[in-house]
């Protein structure tokens, strides 16, 4: 349609789409799914790190971790707001998360089993997230793009903090070094999965790229992540758990093994090691919080009524 | 009653620091589990403020013995803690967490105001920083107590139950013990009697607005701030909080 | 796959011992909180049997390295544990505790029967003692699964939910890993494939009688018995279990 | 009445009253209250010790403690059965416990705060319990007397185990010695309270003694307990927290301070340090277990019906 063509022209011209603008239904739906999934990831992502807040080893580490998890909740909030501009409410999105119709990043279905995992989450998971998100600062939808700009600023901070934990562990006692290596062993492939399956298998890629909802290819970002991370692992004195890993002079990047995509799809289906626990935690929080949300709206309504009556 | 080596600054700082530490820990247990996202953020914020205050107070508390705040936080067993019984109490439902916060904030803010005028400059300095944060905590917890007390029949019942449950732990802060007396005499800290009127006024005002009934009994459990008899809950909290430092002694993190 | 210093007796004993230890611990968490007094007694009994078995197995597991059962129980961190993921799972409601016990007992009894014929006499000796206890555990947990599956609509729903929830953790024991293969080759332990038919028969019989539907998926989480990826629950359990030994190193109790 | 006189004659002659025998209503009621309270004490008494089962320091200590707590549940069972012979059901008694109409021993409202407390509970609390219970083996009501005989046998075993823990602690590291002393400091007076207020203030004593439901006076037993315990404390190298404590040659026993009876009555009212937690734990167990009890009776009824139908 001419409307669609005009829309595409605006995007091609690098213009930003705003909530009040006309947009194709597919664009709106895809964005809701993508932003919602990202928002849910921030929320569920609080849990694996929250798992160590009560066991953080020093007061400073506890404060840093608390602040980080708080930032993630904040990111969730920005993103829900961005999605709301597309005509879906936060409660709707939450219901869809809890019923399993909306997903969140598969990485958060893995457990955090030692303090080094908190380092690895910052270093690898936030590292991969940034790689995904930095280009999205230039995405076509205005509210989403502005949310990503705020988020990226904080994420790179988180990644440095994660790397700092890994440094302390890798240069620490033998047990700490072992924890650091074990964390890398467990988080390496799940981190590679964060970029999604190979573009060849990704159905919607072309349209999303045309809409500037997706900016780079999955394989391209994954390569970039590996190229950035391997030297950091070497600097830490840790071994990336990939026997095929080797520098490829020709392509100017590392050759590396693909993650186990069967595992990836199993985790997406809810078979991740902590999938059931994560959903249970969110569902419990939602159900046990119902009376609070009800009370808050009831109080707000009463207050408004009283104000009105007084006028 | 107090032994010859009594260190008033250390004693005060330890009490204030342990309250902030343990309540901060309790609040942090909510991470990712609050009823609304805004509350997740707000609870993390309160926990952060309290952990920050704990660092300052415990840093001061350890000065004379050459101990760091971390050593005090992570390497003492329950009996050496000097927090109020109130802050050790498990979170319960969100209503109980809010009520515990309110009862503590109402005392905390008055105490900190008094400490701003402490004869000891290191204390008044920390208090001046903390009181700004705690003013906000009290404002927030008061508003929540009012909203949830006023909200629905269920929320009102839950808040009244929370108040009734927590009430016997609320009074400890306001009952003077020999340490309080000594601290007041030296002008280090306000006496509990000096703190009480403001505390009571806050309670009457907020609970009144929330249409919650103040329990009539003035019975108060004791044993937290003097360490003589903490509740069983504290020991369980420490098994988590201190795990890494205990399991890997001497490591740096 | 296994390194040169692989100690088959130690490896088997560690797996058996850690299962008994961690499940015994989980069951002991019920103390004083069961739905009926008779269950308090029965749960304590099961926990006692399992802790007793843990002492024997871990004693054997530590022999070659000169470690005591207590050292193994109280001074290893999560990654060095070799228990099944199933036994780490939190108790949940009583139905889930019963179901976890049944799923474990059904495997445990077959495994122990196989171990009675181990080529290693120290293993068969422990197995012969344990199997008598575990026969009784299975009898009991089977009867309970049947009673609660059959009882009321609510209890049936709870038991089906428990089964569905636990099922992905039930299969790990039955999937061979390199250690299982090596142990079977040396005649130390039965191969998981040898254990499976009996386990499946028990499940079909009991769940059938309980009118509970066996989940269709054969997906099984892994990472417990090889220690590669325990669940988050184990670390929390250890903070309690190991507290005293960690907090007061070197003391005798 | 002549019936009452005959009843009293039987008791005076040292005979045992059995369930099918006639008995005065007051006798029955008092026994129900006393046996029920004792049974509830065994049940609630599991909680302070259960509090350390998950933190027991060695496998052997864990096993011993589990076995002990299991014994207590068993004692509860004997006692409920004894009370049931008087025409009250276990469920009724439980409801009365949970509604606060029936009491349990005030000692279990105190917290167990260190491993030494587990020793102190065995040494002092079981010690005091035995002192109360040994004479009750000769009580007039048959089922009660027989229950007490079984119980006393196990209790003295528990007391020795408790003393053994105290020994290990008192002869252990400095921290352990401090724990032991701290436990004695906290449990001394609550243990003295276990014998009840001075006989002078005890209303029902005379009638209960005539009925042989109560055998010795409270003060008498308390004195005996102190005389037995003080040398044990000395042997352990611990200090009884009583400045007035002194050997009185004349009376052949120790002079000692009375416990704070105000505290005792406050604790009975539910103001003990862990009173609310204890009742909550029992109430939660009862409420959360309702579906299990319902299912078990439903299953039993169905089974019986099926059996009948098959006949």
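By written order: A, B, C and D. Residues from 1 in each chain.
The working rule: contacts are C-beta pairs under 8 Å (C-beta built on N, C-alpha and C of every residue); 3 or more make two chains touch, one makes a residue touch a chain.
Per UniProt, the chains are B, C = Ring-1,2-phenylacetyl-CoA epoxidase subunit PaaC.
All figures in this text were calculated on a predicted structure; none of them were measured in a lab.
Trainee: Comparing the two chain pairs, does C-D have more C-beta contacts than B-D, or is it the other way round?
Mentor: C-D
Trainee: Using each chain's Cα centroid, which is most distant from the centroid of chain C?
Mentor: It is B.
Trainee: Compute the distance, rounded to whole Å, between the mean C-alpha positions of chain A and chain D.
Mentor: Going by mean C-alpha positions, chain A sits 56 Å from chain D.
Trainee: Averaged over CA atoms, how far is the centre of chain C from the centre of chain D? Could you give it in whole Å?
Mentor: Taking the mean C-alpha position of each chain, the two centres sit 35 Å apart.
Trainee: Let me have the rounded angstrom distance from the C-alpha centre of chain B over to the C-alpha centre of chain C, please.
Mentor: Inter-chain centre distance comes to 42 Å.
Trainee: So which stretches of chain A touch two or more other chains?
Mentor: 55, 175
Trainee: When you check chain B against every other chain, which residues touch at least two of them?
Mentor: Correct list: 77, 239-240, 243.
Trainee: Touch graph of the chains shown: is it line, ring, star, complete or other?
Mentor: Its topology fits none of the listed shapes; call it other.
Trainee: Let me make sure I understand the interfaces: which chain pairs count as touching?
Mentor: A-B, A-C, B-C, B-D, C-D
Trainee: Touching chain A in the complex: which residues of chain B?
Mentor: Residues 21, 25, 28-29, 31-41, 44-45, 47-48, 51-52, 54-55, 58, 69-70, 73-74, 93-95, 146-148, 150-152, 154-155, 158, 240-241, 243-245, 248, 250-253 of chain B touch chain A in their complex.
Trainee: Could you list, by residue number, the parts of chain C that touch chain A in their complex?
Mentor: Those residues of chain C that touch chain A are 77-79, 165, 168, 219, 221, 223, 228-232, 235, 239.
Trainee: Show which residues of chain C lie in contact with chain B when the two form their complex.
Mentor: On the chain C side, the touching residues are 77, 236, 238-240, 242-243, 246-247, 249.
Trainee: Enumerate the contact residues on chain A facing chain B in the complex.
Mentor: For chain A paired with chain B, touching residues are 43-44, 46-47, 49-50, 53-63, 66-67, 69-70, 73-74, 76-77, 80, 90, 115, 165, 168, 172-173, 175-176, 281, 284-286, 288-296, 298-300, 302.
Trainee: Which chain A residues qualify as touching chain C in the complex?
Mentor: 48, 51, 55, 110-114, 175, 182, 186, 266, 271, 273-274, 276-277
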